[in-house]
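Can you read through this structure? Questions will come right after.
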Amino acid sequence: MTSRRIRQRAPWQLLVLGAIGAAVFVLPLIGLATRTPWSRLGELVTSDVVVDALRLSLITSLLAAAISLVLGVPLAWVLARVDFPGRSVVRAIVTLPMVLPPVVGGAALLFALGRRGVVGEPLNDATGFLLPFSIWGVVIANVFVAMPFLVVTVEAALRNLDGRHEAAAATLGASRLTVFRRITLPMIGPSVRAGLVLAWARALGEFGATVTFAGNLQGRTQTLPLAVFVALEQDRDTAVAISLVLVAVSLAVLLLLRDRWWSTGGDT
Amino acid sequence: MTGLDAHLVVQRPDGFVLDVEFAIASGETVALLGPNGAGKSTAVEALAGITSVDRGRITLGGRQLDSPSTNVFVPPEQRRIGVVFQDYLLFEHLSVLDNVMFGPVSLGQRRAEAQARAQALLERLEIQDLADRKPPQLSGGQAQRVALARALATEPDLLLLDEALAALDVATRGTLRRVLAHHLADFGGPRLLITHDPTDAFLLADRIVIIENGQLTQVGSPEDIRRRPATPYVAALAGTNLLAGTNHGGLLTLQHRAQGLQTADTTVEGSVLITIHPTAIALHREQPSGSPRNTWQTTVATVEPLGDTTRITLADPIPLGVDITPGATAALDLRQGSAVWASVKATEIAVTPAALGPRTNPPDEVGG
Amino acid sequence: MIKRAAWSAVLFAAIVLSSCGGQDEGEVVLVMAASSLTNAFSEIELAFESAHPEIDVQLNLAGSASLREQILQGAPADVFASANSATMQAVLDAGEATTSVTFATNTLQIAVPLDNPGAVTGIADLANEDLLVGLCGEQVPCGQFARQALEQAGVVASVDTNEGDVRALVTKLEAGELDVGIVYATDVLSSNEITGIALPATTDVVVAYPIAQLTNAANEDGARQFVEFVLSVEGQAILASTGFASP
């Protein structure tokens, strides 16, 4: 049944400010488009550098999003539902990567997980496993900066649930895990999806923490943002081409998701 | 021993204290009836296991569910209590069939069996056509039946209906009351109906437990509650007048009232509760002659036309509600402030002993 | 209400004050310098400012190519000191500067953390896959010269990371996160957490550092004075003390 929309007449001040706001995002894209060497684009985009970077970016960002989901949802649940001493401190720490400059995050990761790091050194001595300068370093750097977005979104959604449907499920015999799996998660589904998309997008664009912690090597750690940075100093055309690839990939995913996945209402 | 045995003592953070004790046998429907704020939801939460009692116990089918003294607390998912909630709380992302199957599946039943059982329940409640619909597409009455089916699907030891009809409009409520009565009878275990609506209680329950301000004030069959209300709230439910006083050989001295009355009932002496049904009071323009030994002069406080009867309230010396026909109202030309004579036959004045605690009337007939 | 107004006033004042430069009366000289000049030019800045108290020198340190880009895109600057003749040539070609002068030279060195965890002895060890090898990226002079040296020595390095600039590479070596890298001799000198190992004697890589006053300088006099200072005895002494060789 289609609902009759109430006709909204927007105050012109809001329209003007909104247009300026949109311009903030549209203008740089237009700038990028005007500098694009369209005739050479095909050849630039299929070069080794770009293909390697794209592959790395997709793999690491998706892995980071997945890890953020698996660890972030339970973390959000604990922060929202379990009242433990120091909870607000933990929540502040979890949100810190959103506020810190990513390079600081990368440096901190190095001190903790690098070869001479607090955890990294014993790990390396024991297993020979090394995180920096490997693809896993990129993934970890991405998780560090991206997971907070998912945690914050999901925690807010969990707090908004009044718990009554979950109580009803319990009276029907569902164990706590079943309640979480079959009732809580579906009820916060849209928020989980939104948080996942945010986390993935943040991971895709990550630069500072990656270059500081994982280093920069084509084919192993050089993701698209790093490739742009390097190319910018040598070959502007390649830099623009890579930027275009980044924008295209991001736009494609965000458009595919559309309102359906952003809004909290269902589309039944 | 099957059935529910509950003594719920819960202290809420806002200072409210719930202290009620009652038992429900298998096959018996008890209504927990009280005004809003009486503590009914607190009782529901304690029984369902959402909160725990501070003192007391909950025993169901011989199993201890909650017993602070022996440190026993069974979580909700193990209590086997089927609850129909006031706003149904259907799972909106699941179909009707999946909702009804949810309990059995959660308890470990195989999907095929659970589905068969769910289908059977839907048929019994005559909503099998709704199996694939989602809750937002259901009407209030349909949702209520789904909620009932969902609760019954787990074959619980106790069926708990929390204000199950409250969310429905008057017409639907009437229909569903009948549906409920029919299916409650089919359920073999104890059934607890939580409600603020006396009609639900009177029509569906074998026994009514009145709860006011966290305490039990009366327990009895609907008939007893109606005939011998123990508190003003219950009297108002029953639509009758309730006074307090003392009885000495038929002579009633009313508390705080100068006017006395006479009753034909001399069996109950001392402190009593006096009930006079609104239709038992006659009004006259002049002092009546004849049999009624209870006549007094009074004034009309309010006149309220209510369709085919008119509710008159009388002022001092004895404030009472009187139901008379609109015709009589017109004939007597009654309006606010009119001077009238009231009379009641001694045989129409019922007295019961005033008790300090909750009153348990022995049922007149077994089965209510 | 009053609290809110007070906060707005504080915020506004902070924004205004931060956007104003330090002094509104003195002169400013904006110097773009390659990151390998960090230590040397920091000292030169202090010495210059004490000689010319009315001038405030503001250093913008970054990779030479990055600075070149900024200048070509029109960023305000008075002086450009590069670690690489190619980048300076690009600036000259674009007309952003008329002439340049070489004011110092540098050499490369192999660098290892103090405790030499990789037991590195020479340039050949950079081919060792088991070691964590870092180089500057090809887009910066340090990286280009390092690769020249490797080619001359006939070594194919097993590189694990191409750092964005030489300072980042030095930092990771200092932290022990890398086993070996190729940096400037000046970097080895200025850090007491890395040790230098000489490149093969046959290595012929000389890094020439040109400096130029930019044509669009806002402060032409100040720019000229700064360049002269760098070329002066005092400037050259500072450069020598930080490990640079004379031009």
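Per-chain residue numbering starts at 1, and chain names A, B and C are given in the order in which the chains are listed.
Basically, a residue touches a chain if its C-beta (ideal position, glycine included) is under 8 Å from a C-beta of that chain, and two chains touch if they have at least 3 such contacts.
Owing to the predicted nature of the structure, the values given are computational and were not obtained by experimental measurement.
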Can you name the chain that lies farthest from subunit B, using the mean of each chain's Cα atoms as its centre?
-> C
Could you name the chain whose CA centroid falls nearest to the centroid of all protein CA atoms?
-> A
From the C-alpha centre of subunit A to that of subunit C, how far is it in Å?
-> 34
Centroid spacing, where centroids are CA-atom means, of subunit A and subunit B in whole angstrom | 56
Computed distance of Cα centres, subunit C from subunit B, in Å | 86
Give me the residues of subunit A that touch two or more other chains.
-> none
Inside the complex, what are the residues of subunit A that reach subunit C?
-> 110-111, 114-116, 130, 132-133, 211-212, 214-218, 220-222, 229-234
For subunit A, which residues are in contact with subunit B within the complex?
-> 164-165, 167-176, 178, 182-183, 186-187, 189, 266, 268
Going by the contact rule at the top, pick out the subunit C residues touching subunit A in the complex.
-> 63, 65-66, 68-69, 132, 134, 137-140, 159-164, 168, 172, 175-177
Tell me, which parts of subunit B touch subunit A in their complex?
-> 48-50, 75-83, 85, 89, 91-93, 102-103, 106-107, 134, 136, 150-151, 154
